[in-house]
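In the two complexes below, chain A is the common chain; its partner is chain B in one and chain C in the other.
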Partner chain A sequence: MNISEKNINSYTILSLQGILNASSAPQLKTYIAGLPDAQSIVVDLENVEFLDSSGLGALVGIARRKKTSNAVIKLARMNERVKKVFEITQAYTLFDIYDDVSAAAEA
Partner chain B sequence: MKKQIILFMNPIVTLTLQADLRYVRIASVTACNVAEIFADVACTAGNVAEFCHAYELSISEAFTNSVRYAEPSQPEKQITIRFSSDNSTLAASIIDTNPQFNPLTQAPDINSYPEGGYGLFLIHRLMDTVSYTRKDGTNMLTMTKRATIMHNA
Partner chain C sequence: MKTLIVIKKQEYEWLLDLFPGVHPLLLPICNKPFIEFFVDFSIFTGSNAIRIVSDGPLRDVERYCENGSRWGVEISYGSMLPADELHSVIDKNRRFCQEERVVIISGFLFIHYDKKSDYASLFASLPSGELFSCGRGSISLTGTPVVETNTTTGASPFSLTALDSVGKYYRLSMDILKNGLTRYVLPGYSSESDCYIGRNVVIPKSAEIKKPVIIGNNVQILSNSVIDKNSVIGSNVIIDRESVISGSIVMDNTYIGEHLEVKDKIAAGNLLIDPESGTTIVMEDPHLLTSMAQSKVAGTLLRRVVHALAATLLIILQFLPWFLLRPILGIQGNWKRDKGQYHTGLPGKAFTMTKTTIGNNGPLCAIAKALSLDRFPLLFRVLSGKLLLIGSQPVLINPATRVIPNSMSGYRPGVFSYAEAEDWPEIGIDTEIVEHYYAVHGNPLKDIAMTQKALFNRTH
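Then we have the complex of A and B:
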């Protein structure tokens, strides 16, 4: 999985590309652990081809840590395959979800 | 009833992999490919992509669980995935020698921000049937889904 980073307003935008599963989720956790706890982030999921519950669990764990740090994690541009995992597990209730990155970074 | 369904199914593909998370994508992509070939023949609803994603996701979950619950004393442990079918239903069995487990699972309490515990719950929601047997120290988790009747998860 490739992770690229940029900043918009006060948010760090992380664009993920590839597969987010048990094999790659540790890479995402490590990357985000390198950012300040109080840094709010937007995760752009447009180019995530596949996400399973290990990928979901990584994002949920990040959401929990951001909550305790009074920061936020927002998700943007989920495709239908990714959205399905969030819907079945009800995990969408834990995140602010946006159709585009700019709107996420402005809200 | 579930055993009868499985009994009359014809084997299609058998894949054996080392119990290592590096190989989870091989397992899930193979499941997607097998489901796509089967769905091209069996699907009447035209919802091939949804059928394939259900198998891709379910096998990813099952293989990951199998690796995570492997005995540390068995570093060379293998996991076998066996696909079989009849005219309308595709089945996949995940076979390993892990300790016995309870295949029934409830939805995790999402409000507690759980990082795990979703896998079997997802499989149950994506598949039509999920059955578990243990014999002679071997676990077999079998999932089936009809290609001709698509269920919304």
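Then we have the complex of A and C:
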């Protein structure tokens, strides 16, 4: 999985590309662990081709850690495949979900 | 023009217990799912794209509406958090809301419109801002008017009713039936006014039908029955002989027994609801009133067989260590048992189960834990079909703990849980997320692999 990073306002935007599953979830966790705990992030999911329960678990775990650090994680531009997993699992109740990255980084 | 429909779960929660298994947005009003009234209205305003946003599940709505191609519009779905204000929802859907004017319908409300009115011109010319409000919801517009005309209509071309009680739902249905049948596009064949009849409806000569009436699809009305005026009969309904339905709504998949008189009520499955008082009577006698929903047992048969085979194998492997260690741990006081009532996979049903906890004193406890001997007695429940080998974490019947809704949303208690297998925290929402995932993505073979993972995770 490829992770690219840019900054908008006070947010770090992480654009994920590829598959977010049991084998790539640790990569995302490690990448985010390298950022300051208090850094708020927006995860752009437009190019995530597949998300399974382990990938979802990574996002939920990151959300929990950010919450304890008083930081924020927002998700943006979910494609239909990713949206379906969030709908099935009702994980949308844990995240602020935007259809636009810049709107997520402004709010 | 686009339409953004924003509905919060708390606005329709009152409906969930009343009509379990029916998503409130799919609740039929005069046999037309509620969401279709929104879709029709959106189309009349000239919208070519609709987005439905909610903090509750939309899966059933999505399954029904799909991408909107049936209506020639593009329907998409979005989520929000319960605390989100309308401006936050607009922000979260900025990409959808930019470029074109957007009609924002907020709230669980019914829009009284008239299909013969020209809403497209009206909405194109109205200024942005809130147009109508009914306390529990509103309709507003964003963007600048496309047509610079001064539209001054006398009476308002539409009004709003907040749907917040079963009485309002009943009165709304009756109002449409008596006064508004020509205002909306309603399902069914209508050879004469005030009478809509669906497909595959069997009406014997001795039965009497008085209009206004709406009858759904696959309905059998047996001999000498009377469908009196102001009645709505849903789809897949049987009205047995010599029964009288008057001023009532019979919901989908309902059987009305013989010699019954249902007057000014709502019959839904085995529930009889008085819309004025809100009183609900559960009919225990299936010969009087019952639900005709099909059982899902057959679909889970393969899974149960595979689980039973795997449980048998585990019983064989664990028997000897359990036989040797159980008495010793019992004498040491390291084998603690706790009996409790747990939810089954069926709404309102419970089963008694004794959970075992192994202490932390000494190497024997460590061995017993590593071999998951605490789960050994529960494996027999898999053989009797009470538990799955791997499934949801069994939930105690206790108001203070996680509440299992009527819809159950895939809850199937197991000896081992998916949360253990995935090493997710076994608390509240986290457990539910992983359980929901496997309720959809699970299969018998994957379950065996997940059981192995659960056994492995428990030892580490």
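Heads up, the rule we're going with is that the second predicted complex is superposed on the first by the 107 of 107 C-alpha atoms of A that agree within 3 Å, B and C clash if a C-alpha of one lies under 4 Å from a C-alpha of the other, contacts with A are read in each partner's own complex, and residues count from 1 in each chain.
The rule is short, and it goes like this: a contact is a pair of C-beta atoms (placed from the backbone, for glycine too) under 8 Å apart; a residue touches a chain by one contact, two chains touch by 3 or more.
Here the structure is a predicted model, which is why all the values come from computation and not from measurement.
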Partner chain in contact with A:Glu49 - chain B first, chain C second, else both or neither: neither
Does the superposition put A:Val85 against chain B (first), chain C (second), both, or neither? both
A:Thr93 contacts which: chain B (first), chain C (second), both, neither? both
Taking the superposition as given, does A:Asp37 touch the first partner, chain B, the second, chain C, both, or neither? neither
Applying the touch criterion given at the start, work out whether A:Val60 contacts chain B, chain C, both or neither, answering first, second, both or neither. both
Touch test for A:Asn21: chain B only (first), chain C only (second), both, or neither? first
Output check: A:Ala103 vs chain B and chain C. Expected answer is one of first, second, both, neither. What do you get? second
Return the residues of chain A at which the contacts from chain B and from chain C coincide. 52-54, 56-57, 60, 85, 87-91, 93-94
Note: in the complex, chain B contacts chain A through residues 21-22, 24-25, 28, 53, 56-57, 60-61, 64, 67-68, 107-108, 110-111, 113-116, 118-119, 121-122, 125-126, 153
If you look only at chain C, which of its residues touch chain A in the complex? 55, 57-59, 62, 77-82, 88, 91-96, 409, 418, 422, 424, 429-430, 432-434, 436-441
Using the touch rule from the top, collect the residues of chain A that touch chain C in their complex. 52-54, 56-57, 60, 83, 85-94, 96-100, 102-103, 106-107
Chain A contacts chain B in the complex at 19, 21-23, 50, 52-54, 56-58, 60-61, 63-64, 67, 81, 84-85, 87-91, 93-94
